[in-house]
Amino acid sequence: MKNKIMTAEEAIAGIKDGSSIMVGGFMACGTPEILIDALVEKGAKDLTIICNDAGVPGRGVGKLITSGQVKTLIASHVGLNPEVAQRMNTEDPREKLECILVPQGTLAERIRAYGAGLGGFLTPTGVGTIVAEGKQVINAGGKDYLLEEPLKADFALLRGSVTDKFGNTTYNGTTRTFNPMMATAADYVIVGACEIVEIGDIDPNNVVTSGIFVDAIVGGEKPWQI
Amino acid sequence: MADLKARIATRVAKELKDGDVVNLGIGLPTKVANYLPGDVHIILQSENGIMGMGPAAEEGKEDVDIINAGAQYVTINIGAMYFDSATSFGIIRGGHVDATVLGALQVDKHGNLANWIVPGKMVSGMGGAMDLVVGAKKVIISMLHTQKGAHKILDECTLPYTAIKVVDMIVTEMGVMEVTDEGIVLKELHPDFTLDEIKEATGCRLIISPDLKPMED
Amino acid sequence: MKNKIMTAEEAIAGIKDGSSIMVGGFMACGTPEILIDALVEKGAKDLTIICNDAGVPGRGVGKLITSGQVKTLIASHVGLNPEVAQRMNTEDPREKLECILVPQGTLAERIRAYGAGLGGFLTPTGVGTIVAEGKQVINAGGKDYLLEEPLKADFALLRGSVTDKFGNTTYNGTTRTFNPMMATAADYVIVGACEIVEIGDIDPNNVVTSGIFVDAIVGGEKPWQI
Amino acid sequence: MADLKARIATRVAKELKDGDVVNLGIGLPTKVANYLPGDVHIILQSENGIMGMGPAAEEGKEDVDIINAGAQYVTINIGAMYFDSATSFGIIRGGHVDATVLGALQVDKHGNLANWIVPGKMVSGMGGAMDLVVGAKKVIISMLHTQKGAHKILDECTLPYTAIKVVDMIVTEMGVMEVTDEGIVLKELHPDFTLDEIKEATGCRLIISPDLKPMED
């Protein structure tokens, strides 16, 4: 079997200027900080980041906002990171951040849809709002729905609580969030793991993400220090 | 102000029934959990992946892997479970949440809600709010009746909608209102205010319920 | 908290002639036999059964086929139960079974869609086949998809391996199948449980079906004897 | 006959690469797993909810909670996992299965497949076949070249389709064929047969590959 365990630097080697990257977690709980740190170190620019939110300055996706590496952010909420508004409103084109806001449930479902080979889905969320602009409205069973499209990325950076050497992964507590769907919707999937165990150590009934989705495993992810 | 918020939270709490699955928004709505009658136990859903959320974690005892949707460290109750965000919003959109309590920037007589964006000013994002108000069986808006004197309950929202025709009930420090096909019906008026005062503080016609009651603290 | 534990007879008391019922499992692995047995005993007729398959004679949904209680069967595969073909082809209207065949992935996704509040989804499965008859074809991203509708039922009969008294449930091995989606898509959900435990006995990270979906718990479900 | 099926399974096995995620249909396709070269380890997906399925369970050692999609008691390999049917078909439709091997009633030169229904005769259902052939990266049909002398490889299927334009490769006891935009290309011919024999057993024109090879047992 192919060895998937590598350093953060090796794991993100394929990320280039302009890459699209899904990042797991919710307000950085469930975000792989070691992979974010390596990406800041690498300095790839003009990234499209897909994440529930913008983290906070100094944590999670917030680090990539601060470093100016993000060109486009697709997220559901950016209010807890004031830097996002600053960069959205700047006149300096090199600093300019485009922010595409998507309802949280729609974002999760769009990522799932890509991973599950669906061409889209009908959601009642956003009907009659600016979220509906440019989207097809389809009436089904007497109710209006928006047709939402699947969403994919070149890379996914996930945080696993326990990962075996094949990549089978579990997530503790509320670190699960977007990680399982993102594992299915990116070309190259990297897990920053808090704990790496032998294959077979995780009960087959409790694995959340199958190792077939995982291309690289990076150990050493640590719980956030309060 | 603190008292007014307690008053609102107390009144909202009476709308919740034992066993209800409830999602509480950040801020004032979160306080509702503190005012439940002793025989009412609700199940709190947190959209970042908890069914059965408990109180905030004690300082020094936080588990960094367990937060609520407001990014605060929380605990879980016995019988809780965790899930991913697609599952979480399946629960929300699928009508499995009995009630959601949120704040609002504006509500109108059609039950339209605006609470996520002030163009050119507040860039925050809708988070899970659009899904919650569309999916929950009952949408309760808990807020101060006006914003520094400006009307928040209107004929038509002027801010971008969070969703259309979703609000069931509005609870403010002045009273309790229900959104009906005919418009907004005042069901309870707080004794601190007169009918004229609440009418003046409201930007649309208030239908006075034939059995108007006093709102209790 | 409301007591959800009851006898099979009590749990299925609401099922009437003409009810629609989802039944979990795959070739009866993951089907609650005690609930099926109670339903045969009760004798409600003209049922619409939604299940992956028709089981085999004497097992799972097969028992309801034999007893003649099923008017309409919505399933993906009926080939291992020869009685289905017999009843589909009979001239006797009282014995006649209508069978609606749905691709397995589409069936699972339609049930999930109802439970998740979606108005439908676009799937590539069935395009260009008789499954597409009467369905809208939508082109998205240059590819044709069928628009498939959500599917619900009055009742769901599930098989839990371990269920706590609130209804939180886990499924062992390949008994999981359609059970978790069906839990979300029926008005009244009954779990036939192999083991009932105290609330809190299941690790919150490992619960598959939340107790909020479960209306009734019936103990005493046994592993199938080979 | 047993030898012919072994021949087909042996040849299909060579198409699978180490680490591939593979779904094998019931019957002949299932045998493919027995003919893998020693250095090739594939990961078997079973659509009823297993990633990492192992061999059939030994008699007397069956776990009644673990079956394959053919309702046989099976085992799992180390590193396996279980999942629900929506997840399973997400994996299948989402292109995460590298190859699926199935039988066919008919295949045509466009890569259309018919393998689930004979109107008025066989009522069985498509099961997971429609999703599998649409979703898997590579669709390999393994079958006897003809059905009691009747053509199965045709210009156009006459039976209802399982899916259109999905078949990549056909392996029979007579040879190995690839479906291309130009039609069906014969890549390997088994030494037991002549070109004329395979052409006669085929209901559409066979394009003979310029580097036609012998099919090995």
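All chains are identified by letter, namely A, B, C and D, in their written order; residue positions are counted from 1 within each chain.
Just so we're on the same page, a contact is a pair of C-beta atoms (placed from the backbone, for glycine too) under 8 Å apart; a residue touches a chain by one contact, two chains touch by 3 or more.
Since the model is a prediction, treat every value here as computed from it, not as a measurement.
Graph distance from chain B to chain D, where chains that touch are one step apart, equals 2. If you take chain A and chain B together, the chains in touch with both are C. Comparing chain pairs C-D and B-C, the larger number of C-beta contacts belongs to C-D. Here the spacing of chain C and chain D, counted between their Cα centres, is 29 Å. For the pair chain A and chain C, the distance between C-alpha centroids works out to 33 Å. Taking each chain's centre as the mean of its C-alpha atoms, chain A lies 35 Å from chain D.
Among all residues of chain C, those that touch two or more other chains are 109, 112, 116-118, 123-124, 171-173, 204-205. Residue positions 82-83, 86, 89, 92-93, 134-135 of chain B each touch two or more of the other chains. Taken together, the chains touch in the following pairs: A-B, A-C, A-D, B-C, C-D. By the touch criterion given at the top, residues 26-27, 29, 52-53, 56, 75-80, 84-85, 88, 99, 101, 103-109, 111-112, 123-131, 161, 171-181, 208, 223-226 of chain C touch chain D in their complex. Against chain C, the residues of chain A that register as touching in their complex are 109, 113, 116-124, 138, 140-141, 143, 145, 147, 149, 170-173, 204-206. Contact residues on chain D toward chain A in their complex (touch as defined above): 18-19, 21, 41, 43, 51-52, 76, 78-83, 86, 89-96, 134-135.
Against chain D, in their complex, chain A makes its touches with residues 1-2, 112, 114-118, 164, 166, 168, 184, 199-200, 202, 204-205, 207, 210-213. Looking at the complex, you find that chain D touches chain C at residues 46-50, 62-69, 71, 73, 82-86, 88-89, 92-93, 112, 122-131, 134-135, 160-165.
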